[in-house]
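Here is the structure we will look at, set down as structure tokens.
Letters A, B, C, D, E and F mark the chains as written, and numbering starts fresh at 1 in each.
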């Protein structure tokens, strides 16, 4: 089998072409996947190892085609070309330098005009990616942040760029419009009251999981959410944390019950894709605690649903 | 970190204060958690070890705050003080003596006026707890029993107090009003036809899981259920068995498919809390078969949802 | 305990009587279970061992009665007698001979007039079973095929009878009416575009999982599906692949996210049973990757729901 | 099968007769097993749950006979009668009371003249058992303590009776002759230098694992060890901690590499039995982390080897 | 990769050529592997699934070459040609018919003159294989049976051909010389005293594991064992049960502690190969409980060590 | 607890001081640990994730002191100061650049005069480390390479720096004296005949595992091995691959049976340390397949044994 590899004998994501040697080539592809094998401070409990996410997600992706019969028979890969840009190089003992490397890497992708898809790594990677978008384009940014948790602590164990803090940094970043930053799906007592207050003070919009569940029409609801993020901004970025899913569907992550079911998350992000997002990431996949790699398999599905949404927007599906 | 311990280096439940040395002090707290590390006869298959439940539930609880953004931003622990009364002492080879000890322990808590929350242990613990309520207060009792199974066998392998029999004992106990004893969520062929007949003959009310699912409005449905339990009684007690959840959400327990999803159970018990229950237990958590401790993590959430309901009743939320 | 055994000390399915020594005796039972411990080519990844399915499913079934309180209190086994015909003998190195043995075995059951229930084994077993129905009875056949995947590849790694190909064979078999062959629940990118095209060209009917989810009334929807399969045919056969369930409910199988929840599948097949199916199978259970045997436990439930449907049809429930 | 039970449907240890209702009856049996389901402070890491030891050890023991072909064909149970005294009742939140209960329970057994065999529970249980021996009999005691660790910390997280401290208490107890207290098999950096110094200051004898390995004749070596423990004492007590075995043989316990192989430990304790020990315990078995219950199965073997040694001493083998 | 397959996409054992379609072709190969995917009655506990052994052993074998640097740099496959004859077809519900099929299959191999290597399946398969040798050749047979257990019960749960009984059948079979039947490595209390007596009464030779361990020179010891089996017989057959290894090395099997280490078993069987054995089997591998397939990987090594011994005998190594 | 961290909340190795911000400070410490979180091509089977080694090894090390009672009561950390230099930054998609970064990082440590201890990562990391030694010091180098495998393939899936090839590169590097390069412990058929020939042609010395086992005195044997490596060289470097241990002791790695026991490996490397090695690495630890982190815990022990050897050399122990 003559399959494309990204490094070692790890396949590229979903049979993509490798552009790891020259990021500028990403300009020739509709979408470009890249990995950020990064874990800063370890979260509570024995949940660790999310720097393995990019590799295991790619290994799992090899099983799949781009065909989604349930979405009007669309075959994403017959319309879209994919590139894989490899992984950002990280320096575990030097957080600021790593953040800069991520930003610089992401800037290349933003500049190329491709649709960038980041594979975490912990949630700390999202801030430099968004910052790269702001610095490269000068645009005003809205964010749809799908997660069980606010991730807006002032710092995480002393680290301003830690996994629990990216949205505190976003609040401070002038090119993010806080009123267009939506924390979507928030639930559960791993949050603290101060997190809710911080979001409110920053002007960000919190939509808890109960609001999603009580929506009579999930697609119409998705439109309302999107409109908040798009209001007053030039671009909408999408960031998904694995723990928005109930632990049954995300067994490797910290045990967060009472989350979304896969079909709910997929419906939401497919709609967001169809209204237009400029890039996305999927973070906090932990292969080490996930004996059948369920979370890693899910990521391919999530990315395909967003891309299928983009195709719908372009009138191809 | 100076954290409160309940025994050894096991933390108290959810940062509660320990009253293990003097149960009378429970009077000073809104709610009091206690454990009953008890397993009588082992159920079919390799499911065993639920006497570890109280310890592992406490260990998992340490991760959480009392903040539930999805429930109108309520922070349970800013309104309620929690005590942890430690564990009832059990004697594996002497069931009747253990039942008496549980009853005596629970009587102290009922007498104190706190809201008692029992952590099982198998379901056999519920009978002495309810009996303690009856003997201490002389009140008439209604029960909402959420479970996949009736647990009303005349005896369990020769033991009248076994895990499969507590509701047979309740039927016989004059201070429980059987017409206000609701078996809620019953389903599946681990039940036997005789169980359904026994419930009917005793006058108890059976509401199967299909009735929950076909309810057009789960909150209104919860009110109807509560009203049955409250009708003609002074107090309503709430007893939850882990296997009401589908096996995907309760991996340590016996493999019961076709159960509730977490959000359904949480909605029901939050509503029950808001209409008023006098105490509760959560039983049959099996850490040994549950590699990421999902069931144990869930228990903190369940307790917080009931307490948040109580706050709503008191007009605080 | 004097329990019926089927071989070794493996119990018969759900306390059935063994007719393994004389299949003709199946005529005396309402339904007859049989196993096909067969795995041809192994699917992608480390998912293997579905020849263990029949044994582990039987071992798990021993825990259950036939009582389903949630279905109007029906006790299936008080109305229906069950036989267990043992397992078809397979020859791993000789696929065609094994297919013939399966067909011959199934023919005996079809001829007896019992309701046959096959336990897989991989999906390759369904074709010889359906062929046996056609050859034995000369009837025209409709099929409700519940699965995430079409399983209609022209061949599977060179094997025309492989796990991914039974429905390609069905398309070619004149006694199956293709317009009455319903692929129900199809979803996800383990399918390829060619699979959808093949189904269309053959005239088969594809109903994706999104159609199931968007149905306002699942029971009415089931009737519509059944009518397609019954239209122009004499008999409707039901074939269920485990991976129609989301991976959380079917942990041993390949990691297919975005599947049905148990209550959805059970409702559908109960309805199909109530409108009339002539036989059924449940395939692709993998005990080796399923540490608490969730999938194997589920199979007993699925069979009971279909049989309860048949009882409803006969006016007994 | 009409098998003796000790509580619930847990069998007695190795088909023993239950004397749980009347400990005085232990006088009629050669040896008596009892459990102490106790875990005080949890040790470093996720190693917890050794209060499940007595139950799981008993469940595993059911598989065995008393026949040891490799030890001159001896059948221990044809010479020796076994009793099972059930479990000591513990009070997790009250360590001193639990220690007193253990001591009182053990005193009954010492008084009866049976050979008592304790199943832990953590190592904290050994002190009250030894103290019971001293108080009941007034005798001078030598101890062979087989372990990777000294367990002689002054206190364990503030608890003078904690798992890491029993031998600190022994040093202080006048009826233990410290010069006859042998720490055997000590190794590895979970010990601290202060532990070695404390042993030396107390006058206790430390024999590290390297001394065992370099012994040219393990049986002769065992005699030398025994003689140290017997010198100047009336009785020799044997206490075995599971972590003397390498982690490969004791997978549930904390990961201590570089331990004994099973045949080395069995040889040593068989010899000790043949020279005469008055009682024994086996502690710190953790079923929760030991997926095939290896450690629990091993305990039956260890006890049989000691009992076979006693038979040899009595000239029966 | 163009690799030889034996069935489905399961590779042949260690890159062998398939002769499954025509067993007579085995005559052209030095050695021929065949599988017997058979499990009769399940043994105590949850240990089941050894019919998966032949497939998983083959899958694991694919990783290896025939090169053994530690045995004088021998490359077994550069001297020996291997065939794979596929698996015997079994009928779970008909033990006698299965035994006849095994015997018939093995007879073809014995007649061909190849060196047959059987992969179990449970130990019940050894009797028909040995009987095939006797019937085909008319020779007198000695047996080296390496195992923790005698496997000589009169019957196993009513089955005379069950996993615990093959050597009872051997004792009765006139072409086996009982005085040349060596039970080697016997140990532990899963044996019963009656097993030792039966061996003695039959005239068989029992050499327990302690005799192996106390041998000053393991190679000289192997010669003595071999001589017993060769004395008065024409051929020596070798049968190895996985549980001769300590549980640490054989994690899938029932938990038998105190077994051999791999290097001890390998040394013994390499020597037996060098003195001459006519055929062998390796039985009771349980992939289901063995998460990293250790036991299955070991089998390739065991077979290579025996074949390397044969090469030494032929002067090739 | 105020514990030193190396990055995020990962502790430094064994309570070392961090010098990650300034490698030159390593000059002030006796030994310096550093990690190389690198995995090139994945080896056969599902064994992957050894880039997690450095982090998990550090997490496990936190449990330990430096005290080794079995080695003459030595407390390594009372004599030696340890530094932790953090992890080398790697670029998964650019192997040559990563190799250069490793070499540059290692050069800083070699230049500082500290004793460097590398934590792998796969075995590919050893070549740039050794090359750094040669380039920095200009010295002639001998190597003791302890492993089951030669790791001297000309290339690994096209990568000259892959995990299976570092010793092919060493053979070509002029500052390594091939006659002083000892492959120690080689065994098993994951090697190929070409590997043995390549070693011989290069002039390297192969000592298989059987030679270790048949040594009458392991310490004297270690001296002989050391002398080969020291002969004609200025420095001896020590490289240990986890799979030298039997799979029972190294459960996360590929399933290599027939390896060393821990006490054998520890004895050998302690002796090597006492004769003088200039640096070391321990590679190929796979936390993902090792549910209790046995291999990671072992690494602390291995490093302490080497350091204790160095102390002996310096007359401190």
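To be clear about the criterion, a residue touches a chain if its C-beta (ideal position, glycine included) is under 8 Å from a C-beta of that chain, and two chains touch if they have at least 3 such contacts.
Keep in mind it's a predicted model, so treat the numbers as computed, not measured.
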item: Reaching chain D from chain A through chains that touch each other, fewest steps; value: 2
item: Option reproducing the contacts of B-D, where over half of them reappear, out of D-F, A-C or C-E; value: C-E
item: Fraction-based call for chain E against chain C, same above half, different below; value: same
item: Approximate Å spacing (C-alpha centroids) for the pair chain B, chain E; value: 54
item: Inter-chain centre distance, chain A versus chain B - centres from mean C-alpha coordinates, in Å; value: 38
item: Multi-chain contact residues (two or more partners), chain C; value: 246, 248, 261, 291
item: All chain pairs that touch each other; value: A-B, A-C, A-F, B-C, B-D, C-E, D-E, D-F, E-F
item: Residue numbers on chain D that touch chain E, as the complex places them; value: 60, 63-71, 73, 75, 78, 246, 248-249, 261-263, 266, 291-294, 297-298, 300-301, 304
item: Residues of chain B defined as touching chain C within the complex; value: 44-45, 150, 186-193, 195-196, 206, 208-210, 213, 246-248, 251, 254-258, 261, 289, 291
item: Chain F-facing residues of chain A, complex; value: 6-10, 18, 20-21, 35, 37, 39-42, 48-49, 51-52, 55-56, 59, 86-87, 89-95, 157, 159, 162, 287-288
